[in-house]
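Okay, so here's the structure we're looking at.
Labels for the chains are A, B, C and D, by order of writing; each one numbers its residues from 1.
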């Protein structure tokens, strides 16, 4: 039954962890300097990058089949649409 | 009938109804008749075996995707276009402020006059500013096809024009509690001159005439919650209230007070400050009520023994 | 109970992911509210964010990332049949969870001590946006904290199963799913952190 | 109930006489999908009868203006509880929980669902939630009086027991989520050899689409309900305008779930109808692919239209435009389905037995309801009919006339399969005729009332609405009479009626290929599927 697994080495996991810490430091750094609206954008982009790393490696998504990836995309898209459509109200009121 | 420089809300909306109902009726009849014919014609007694095993037909499918799409887009567009009429107030509209509270309406005019019924001049558009002091209500004029929710903390509006004199229903359409269905009043459309006379007759609240407490209690909706005969309601009964003892929750502590004038005044102006034990904190406040009205209400409460 | 001839490994994983989607949307509702109110009260949100302790937030982020690393490593360990090490790594995760909760507790009590909590008099008298910010903060981090507790308990239970030999290299789906749940908790925090602590 | 069916269920492996265990515990702790399905069936149907009784009381109160039998506060509690019970305890769990559980695993050729114990947990969560909801009626400040929509700020202020009721709904929501997770996994993973996506019965397809809505939309309801509780219990003020909150945001969150929820209600019903019509016409369904696709399309597009409940709320006009447009988009896949069903009849060999009568009346009643939905979807007309009895008429047409009638069809179609006995045909047809008539008298009248301007949730009304309200009330009695006849006939038949063995309807989906009632393990050996679900060649009748 083991053929399902792609075993991820400790080394690789540690490397990802270091990258996540570095990104955390980066977010803190860019939100300390005055960038106006960009810092919101920057912080979110970095958060997405971190989320991407966690999902891809820690959660093994990189090694899953296409189905799961599509479904994850579907779930995220749904959330984005819920938020997006609400803004048709919020922005134009 | 329509000599106005703008179209009335009724005249804007009704054709949309006609079009939609017409289209729906045609579709419904078409489907029903086809179904009935098929059922009769291909009933097992007449058709013991199916004579077709067709699993689909691409062209038919395309036709009945494309045609409904076009129809439906037309419906959308027409409905949206006329909706804009409801949202665009003609210039020079008469401003009125409608205040909704549990469970009564109050209409206030530019000159300070206020009234529990909405008086409007015939032929002149009216813009109603919608204000709620507590929960969401709905401002609904079926005769004018107008409806807008009255949301606390939000400035909504509606407009309409009465083309004929008369009395029209005004409902609260958004569910707002026990007496939701009693939150009903009327629009009184008067000929222009008559309306002007009404508007400028002595203004209640500013004129010398002392307000009538019982009438006020009815108009302000007090009696929707407070009974006069001791029976329980949404709020405590007025009967025997004055000078009696009341247990209230004040700032988180339970205390017993005497219902004197100061207490009644506070209860009317800022009911949230002291909540009578056993009742929900739902009474709308009246911070801007003129002093003489408060006095009149208190006099009235005193009289209910 | 019905006995299954064979375990459906991929099915179990699919089921877990589907469940994670529902969690994602649950928090999604809070993020929706956040985005709307942030749009409406940018100043008040910035002011509110400045009142949160970004150092504690950062420390908590590091702690959660580390806990996630431990959880991911535990999966690797079990798959390599290094069961002892797996249990130890799960222990690390739970330790981090505890540390996270302690810091959260300190933060919350500091705020509550200052009279800042949903429905407090302080917030009622302050600017409207501030009350909204802190209510969102408490509810979001509260629900998140609840997930940390559930995730910690789940992993502890799985550690017992590893010790008992029920979860091993040949049958590790339980641990994989437990770890997935834990990563989700981390994932949510990755967004909570900049949105509440940093954007100021 | 075991002993009564013993005679018919002689074969030892029949699921009614499961291994060894007996009595109630063999049911409420069973992980067998058929037993769980029946548990769901009886529970949801029990709540349906509760809700129906409340609906009847609503009508009696509205029979004449003024007080008829209850006071305003009681009336408000009545329609709230009627709505909550009908929506959350009957119609949403109804088809997936009951018939989905009973039939779907067999239809895909599986032994059970993917997570049988989770399935049992779903049922228990459902029952727990239901008990909490019912407790809320008799404790605290009394039965909730907010309407099933729980709009703030009213729901955060009223003194009635809203918090507990909301908590109950929250639990029920979890049950719905778990069912969704279970079904998607089952359909992906447990299809038998040869059961390709193109051979899935349309009922299973519709459950698949429904399950996705359950998974992606229900969590939003969960968080919304949590927020009501924090408003009430903590005074969080997230929707309180005095504290910077926005009541309209509550409505967004509520409808983000609750509009897709109406497709949780209708999609499986459409699936039932798509399965029944070909069987009773002895002809393959017309446009299988389009029907399967339109289920997905309805689920997808239906998730984007929630704002149409808020046209008058003060939402921006741009949003009104967007949501009105998207609402009309949903009508297209619905139209595809209706046209395909009708075409299936063409040149078939139609037998008008009870399941078919209910299925065909579904098409009509759903069409009336759906077309009246278009009037609501168009911005200009919705302003007039919003929050009137026109809306009440609309949703009873789609929910009762649509889903309700589909459930009745399913009861006549599938329950005999699981009991091995059947109802009598004549009374079933009489009951159907009465219900169909009463239904239209009741709800069409309501739509007329709404057009004339009678607002909904009105305990009392002006005299001008009196006659029509009386007519509607009489309609509810005709409907009630039909319902009683149907129930008596159906359940009498299931326990004492004529035997129902083999494949009397001549169905081609897998559930008809196994013994009646089904054995515990469904299939003796894993089936290999070689033909489509509506391929009737070689199936005798």
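Operating definition for what follows: a contact is a pair of C-beta atoms (placed from the backbone, for glycine too) under 8 Å apart; a residue touches a chain by one contact, two chains touch by 3 or more.
Note that this is a predicted model, so its numbers are computed, not measured.
Per-pair tallies of C-beta contacts place B-D first.
Here the CA centre of chain C is 35 Å from the CA centre of chain D. Put simply, the C-alpha centre of chain B and that of chain D have 32 angstrom between them. Rounded to whole angstrom, the centroid-to-centroid distance between chain B and chain C, based on C-alpha atoms, equals 45 Å. For chain A, residues touching at least two other chains, in rising order: 67, 75, 78, 82, 86, 90-91.
Among the residues of chain C, those in touch with two or more other chains are 10, 14, 18, 21, 24-25, 28, 32, 36, 40. The chain pairs satisfying the stated touch condition come to A-C, A-D, B-D, C-D. In the complex of the two chains, the chain B residues touching chain D come out as 12-13, 16-17, 20-21, 24, 27-28, 31-32, 34-35, 38-39, 42-44, 47-57, 60-61, 64-65, 68-69, 72-73, 75-76, 78-87, 134-136, 138, 140, 142-143, 145-149, 151-154, 156, 169, 171-182, 184, 279-282. Contact residues of chain A toward chain D in the complex are 67, 74-75, 78, 81-82, 85-86, 88-93. Those residues of chain A that touch chain C in the complex are listed here as 1-2, 4-5, 7-10, 13-14, 16-17, 20-21, 24, 27-28, 31, 39-40, 43-44, 46-47, 50-51, 54-55, 57-60, 64, 67-68, 71-72, 75-76, 78-79, 82-83, 86-87, 90-91.
Those residues of chain C lying in contact with chain D across their complex are 1-2, 4, 8, 10-12, 14-15, 18-19, 21-30, 32-33, 36-37, 40-41, 44, 117-119, 123-124, 127-132, 135-136, 138-139, 143. Of all residues in chain D, only 31-32, 111-112, 114-118, 177, 180-182, 184-185, 188-190, 215-220, 222-224, 226-227, 230, 234-238, 242-246, 249, 252-253, 256 touch chain C in the complex they form.
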